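Each of the next two complexes has chain A plus one more chain, namely chain B in the first and chain C in the second.
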Partner chain A sequence: MKVVLVKRVKPLPLGGLVIPGASIVIGVLISTVVLYVISRADPLVTLSCVASALVSPEIVLTFLFLTILGAALLVAFNGSIWNIGAEGQLWLGTAAATYIALFTALPQAPAIAKVAMVLTAMALGGTWAAVAGVLRAYLSIDEVPVTLIMNYIAYYIINYLVRGPWLGKKTWGYIRTDMIPDQVKFTLLPGSTTVTYEVLIIAVLALIAVYFMLKYTSLGLRIRILGSNPDALKAAGVNVRALIITALTLSGAIAGAMGAAQLAGYLHRISYPIESHTANYGYTAILVAWLSMLDIRAVPIAAYIVSALYQAGISMQIAGISSASATYVFIGAVLLTFTVLRVFSEYSLRVIRG
Partner chain B sequence: MTLLKTYKKDFSSKNKPPVVSVVGISKKFPGSIALDGVDFTILEGEVHALLGENGAGKTTLVKILYGIYVPDRGEIYVRGRKAQINSPKEAIRQGIVMVSQVPQLIDKLTVAENLILGLEKYGFITRVGKVRYFIREKSREVGIEVDPDTEVWKLSYTQKQLVELLRALLLNAKVLLLDEAITFLPLIEKKKFYKFIRDFANKSGSVILITHKIYEALEVADRITVLRLGRVVGTVPRSKVSPDVVRKMMFAERSSQVTYERLPMSTPRESAALEISDLWVMGDHGDHAVRGVSLTLRAGEVMGIAGIAGNGQKELIQAIVGLRRVEKGRIRLYSEDITNRSVSKVRIRGVGYIPDQPAKYGLSLENSIEENLAMLPSLTNRLINWGSIRDLARKLIKEFNIMTPSPKTPVKFLSGGNIMKVLVSRELLVARRLLVAYNPTRALDEVTAIMVRKIIKEKASTEGIGVLVASEDLDEILQISDRIAVMNSGRVVRVFSSSEAVRDEIEKLMVM
Partner chain C sequence: MDAASYILSVAPAFMAYYLTSLGQGFFEKSGVLNLSIDGVFVLGIAVAYAASIYSCSPWVGLAAAVLTAVVFGMLLTYVTTKFPVSHGAAGLSIMFLGYGLAGLVGVAARNTYNEMVVSGIYPQFTLPVTPIAKVLMFAIPVGLGILLYLLEVRTKLGAAVRAVGEDPHAATSLGIDVLRVRLIAAALGYSLIGAGSAGFLTWVATWSEGTGINHGWIAYAVSLAAGRHPLLTVGTAGAFAILATYMYTLQAAYNLSPEIAKMIPFIVAIGAMVTFMSTPLRKKLAPPQSLGRRFFKEERTV
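Up next is the complex of A and B:
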């Protein structure tokens, strides 16, 4: 007995917005059932939590972070390079920015320090991703496990730093770094307690840059073709290895920028251990990238919906409606539905006797 | 016009009943009309060729019969009863099965598993042993050995196409739709498929044979229907027509452009465009495919490489452009050593390359003509000037008469021949010093093929570029070459100058 997926001669006619739209609706419905089963959450309450999250001002910061990361992932995903490592890349960005803020003299010139924090974060995030790029380009090692494993390596490197050389002096027993100096913290928008001008600028720049790159540069065009026909690219005289490494590096760099924004605009310090303090934006952004159908123009829309689901989960948990991590139920259910719909629109499942 | 009217009459013999009739079928694609009021009948026990130039609508018509496309207007009758064929499943239920030029088999499964899978998908239940037996028997009968327990990736193209045909037989096909399914097979094996088709028809099956090659249609078909620009020009019995008549139906007044005369000799320059000395290159199966080839190609000269597919031509050409490692020997481009240089370094020096698998190594089918131009490093800088790329695309579309709704249409929506035109026109554009090509006119209709050969020859003559053309089509080699190298088992067995080249002698050296 063998079970195989067979490509349909004629794909199911599920073009455009049908698959992302349907997966959000079906995914949320599945979530209400799951949350009812595991923690007796009234489905109507669950749905109303989702509805109110859609208009909640609290989702803005998550929305901006996911937009930046969505843009980052699209650079790689458009070339069929599956960067699962945005989580590690962004945290190394956070670490790089922390280093600039706490251990150099730059904060004496705050404007320069802020720019330096973002640029070093991009450099480190990019380099981290480039490692997976080099392995993929020269040794044909699949980037999925590599980028995934490297997330944990990133966590542990930062954990080591925070417990050891970076441990703060005034931490009241917590294992964490000192607070970054006030002058390098990003500037809050009037009336907001979380959203800063700088993170807004980074999100807009990331969107514009990725849009421009994919549409008007030969690099962007080649990344898009890499996703459909790498052989033709090679025969045309394009250095495919360099292309893979560049795509991953850019992807990691943008994720790194988000890491700097997370530090300077919101966290202001790193706490040990990372794995229990992270919001897992790096993983959540994968859903954003997929729901956008890899179209950069749809990234803000996808980021908006995902950030609402994210927020709905958190408010349910805070309100004690659900004990489980409702956020991941939502995200997981939508992503799973999306994947299933995508696969079965193009493939059908067959069993062979034999 | 008179010609057209004469052919409108259907010469069908009345003693055979029609199996499938198509009445007034029209199909529009965004920006273009693929079929416009097509009437077409296939009789029981006949082989019916569907001919037409590139983009005439042949593939669209069979895809409608196979339920992949749904027509905008018109009806399909199967054995006199109106049929709604909305999916391949329904087509198969009606006994209509398509085999295309690209095998649809799953590589990691065995031949038998593939066939069983194909059967169960459409609700046929059968014993594994029976399928194995069937494959063995039939492959022996056809004369192309296929082991039912081999994995598909190990098979040659010919074997895969045979498996596709066997699958159709197992699906109980009454009407076989062959969309260029045998056009690209090696000549010797093609004959075996012709016999297979004939036998199938003699057992009162029907075959629709799509091809852009007139001689193929004349060799096996009972009747020939010619399509032009989505309309039926006429249906004629083979016995009543000559190649010239069919050609006129296909191309109308442009048919006078078809000639197989040797193109005028170009004037080679003193400098060598390409010097290959004692070249050894590995093949895919771990042995040497190119065994000590030495050739010198002058600037301004067209050299043809004649040979049966699989005698090292493909590997030689891939080694020149840098896609395959050279084990031993040297390649020089205008005296500069380019042995084992990367493809990018070779191509940027003005080398055009028309590969043997255009859809794999030539173009990206998901992308548009514009994007397929812009992907070449020699045509764009870091920033793409889409305005100038568009102008370039329009120019090529006009010059090569590429049938496409727009320069922005993904190439996969074009017909096979028009896809090839995109590739050839692009590579001619970037070949500033050297053009290496493998079957450059594969999939092109006669008029376009001859046009391409003339352009290549003229480019060599006037711009002084070196041209190396390997082709399985000896007519092509004879027409285009100033000199002809014959390859056999990885070696160049002899080089003829065009004046002393004799067809028989070349053929003998090819099969020796």
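Up next is the complex of A and C:
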């Protein structure tokens, strides 16, 4: 008797809901056990931290950021282009927006400055991603190591700027830039201390734009075929090189927009060194994109769950139950469970005798 | 300081970066894209720290780091070879787990350490750093590198590792058990990564939450810059170990910004990938053909 993995004729019905749902439950349970075994965290407290994070208003900002980045990654992921570089692309977006806010005359016209901050951030994020696109398109260099490595180059470029030419004058000894002028900060929603109108608008626009692009445009169709059957594209005479570069550029540009939103909507300045101040949204968003099973309509749901897990880790740390690492345990356990369980949306286990 | 002690100061950093990138390169030769490296490296450091404190011996720490790394490496290998899953997603999830577990294990050990210090016991968690030990920190890793190189090019196992990295389906039809070969590659590669993380702990000689984060990626870049070649990696790892050890001296002497110094291995890695893919070096140093590809046929026994 042996157990075999057999391809399903049709994908598992409702697999897009059942599998991520099961992964989250199993992943959280595994994390609870791990936290209990290593840190003696009371399982009931852990689970209640997760449950209360699900309804906590504090997750809204993280949710919006992860939604924007999830949309960004889906543009590339749908074409089987694995952009691991959202982290660098978004931070360069933050840097571009900082430049506009601190070192140009534009903030005197706040509305124009805000638009310019987002657009320059998109331009820089897109250009940064395009480098990996060119290397992939013309030299068939895998984009995974390139985008990943470029995150660190981006970190150190910004660190260099913040320690050197961009170092603020009023920083009380901290190594960081000056605060961006008040008039270019995004406008807070009434009753919220973190969520702004502009971030909300960028998130909605990113979702709608990516949805329409993937579903209704020829570019979107080509990107999706690039993911499933690149040879067909070549046979049809599509310029695959340009397509790869376009997909990565768009992906980087949306990540860059999130970088601008992070600056004007929340951080208001860049602190040195980036690698200890980053929330690692660029990496966490990979989990969002995966959990959505590359369906843009599922991105907000995935972003909601992931931001709740993110918050659960933080509230456990505040409660003194565990260190900052609980968030990583949650995210790692859910992602690993999901990576394995996902197989069963297209395959099933059968027992064969003999 | 005389010239010899300048050179010897580089030893712990060299051991850390060389062993880690050597293991990473060898493991990736078997065709599994390894994005778990940074998490496993960070976890290895924390486990080495914790095990040394609980046992009062850095050698137990070294062994524990090696064992832990091998367990996670084999998990990654099993999942990516047995199931049609994305190597990148599996690797990154183990990376996150590694970061998380490292924090939990390390913080618990640090609390114990602080209690022991109060009662007058100072457990040793760094490997010895006498001049002779430092010479060995150069000699043993390089010796292991030469052995691994010979294994890669001269033995049947080495040929099998390269074969499953280039084309696992063809290797299967030649009678090679892909899973077994990749598991062996993982065991060897990850034990080097684990030893490298213990070397890193010796180098920095302190632990706090987050110690080692990003240094696994540096080792990854060091390995890519040498085209995963065990002997060329001596050069790239050595160069970066010098840079890392004397980063602040270089800043004082030549006004070399530490940010630029930290950027160098990453830029060199991209430059090297471009060179390897666009010149005849491609034959020797290009990545394995099937690196990161799913190895799966229509159905299979689990």
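Keep this in mind: the second predicted complex is superposed on the first by the 326 of 354 C-alpha atoms of A that agree within 3 Å, B and C clash if a C-alpha of one lies under 4 Å from a C-alpha of the other, contacts with A are read in each partner's own complex, and residues count from 1 in each chain.
FYI, contacts are C-beta pairs under 8 Å (C-beta built on N, C-alpha and C of every residue); 3 or more make two chains touch, one makes a residue touch a chain.
Being a predicted model, the structure only gives us computed values, none of them experimental.
Chemist: Touch check for A:69: first (chain B), second (chain C), both, or neither?
Modeler: Neither partner.
Chemist: In the overlaid three-chain picture, which partner chain does A:247 touch, first (chain B) or second (chain C), both, or neither?
Modeler: neither
Chemist: So, A:106: does it touch chain B (first), chain C (second), both, or neither?
Modeler: A:106: touches no partner chain.
Chemist: Looking only at chain A, is it chain B or chain C that touches more of its residues?
Modeler: If we count touched residues of chain A for both partners, the winner is C.
Chemist: Quick one: is A:2 in contact with chain B, with chain C, with both, or with neither? Answer first, second, both or neither.
Modeler: So A:2 meets both chain B and chain C here.
Chemist: Is A:148 touching the first partner chain B, the second partner chain C, both, or neither of them?
Modeler: Touch partner of A:148: chain C, not chain B.
Chemist: For chain A, what residues appear in both contact lists, the one with chain B and the one with chain C?
Modeler: On chain A, the residues that contact chain B in one structure and chain C in the other are 2, 4, 6-7.
Chemist: For chain A, which residues are in contact with chain C within the complex?
Modeler: Listed in rising order, the residues of chain A that touch chain C are 2-7, 34-35, 38-39, 82, 84, 135, 139-142, 144-146, 148-150, 152-153, 156-157, 159-160, 163-164, 275-276, 283, 286-287, 290, 322-333, 335-336, 338-340, 342-343, 346-347, 349.
Chemist: Looking at the complex, which residues from chain B come into contact with chain A?
Modeler: 67-68, 87-88, 104, 106, 109, 112-113, 116-117, 120-121, 128, 321, 323, 342-348, 353, 355, 360-367, 371, 374-378, 380-384, 386
Chemist: Can you name the residues of chain C that touch chain A in the complex?
Modeler: 33, 35, 39, 79, 83-86, 88-90, 92-105, 107-108, 209-210, 213-214, 217, 220-221, 224, 257, 259-260, 262-263, 266-267, 269-270, 273-274, 277-278, 287, 291-292, 298-302
Chemist: Would you pull the chain A residues touching chain B in the complex into a rising list?
Modeler: Counting only chain A, the residues touching chain B are 2, 4, 6-7, 9-10, 216-219, 221-222, 224-225, 228-229, 231-239, 348, 350-354.
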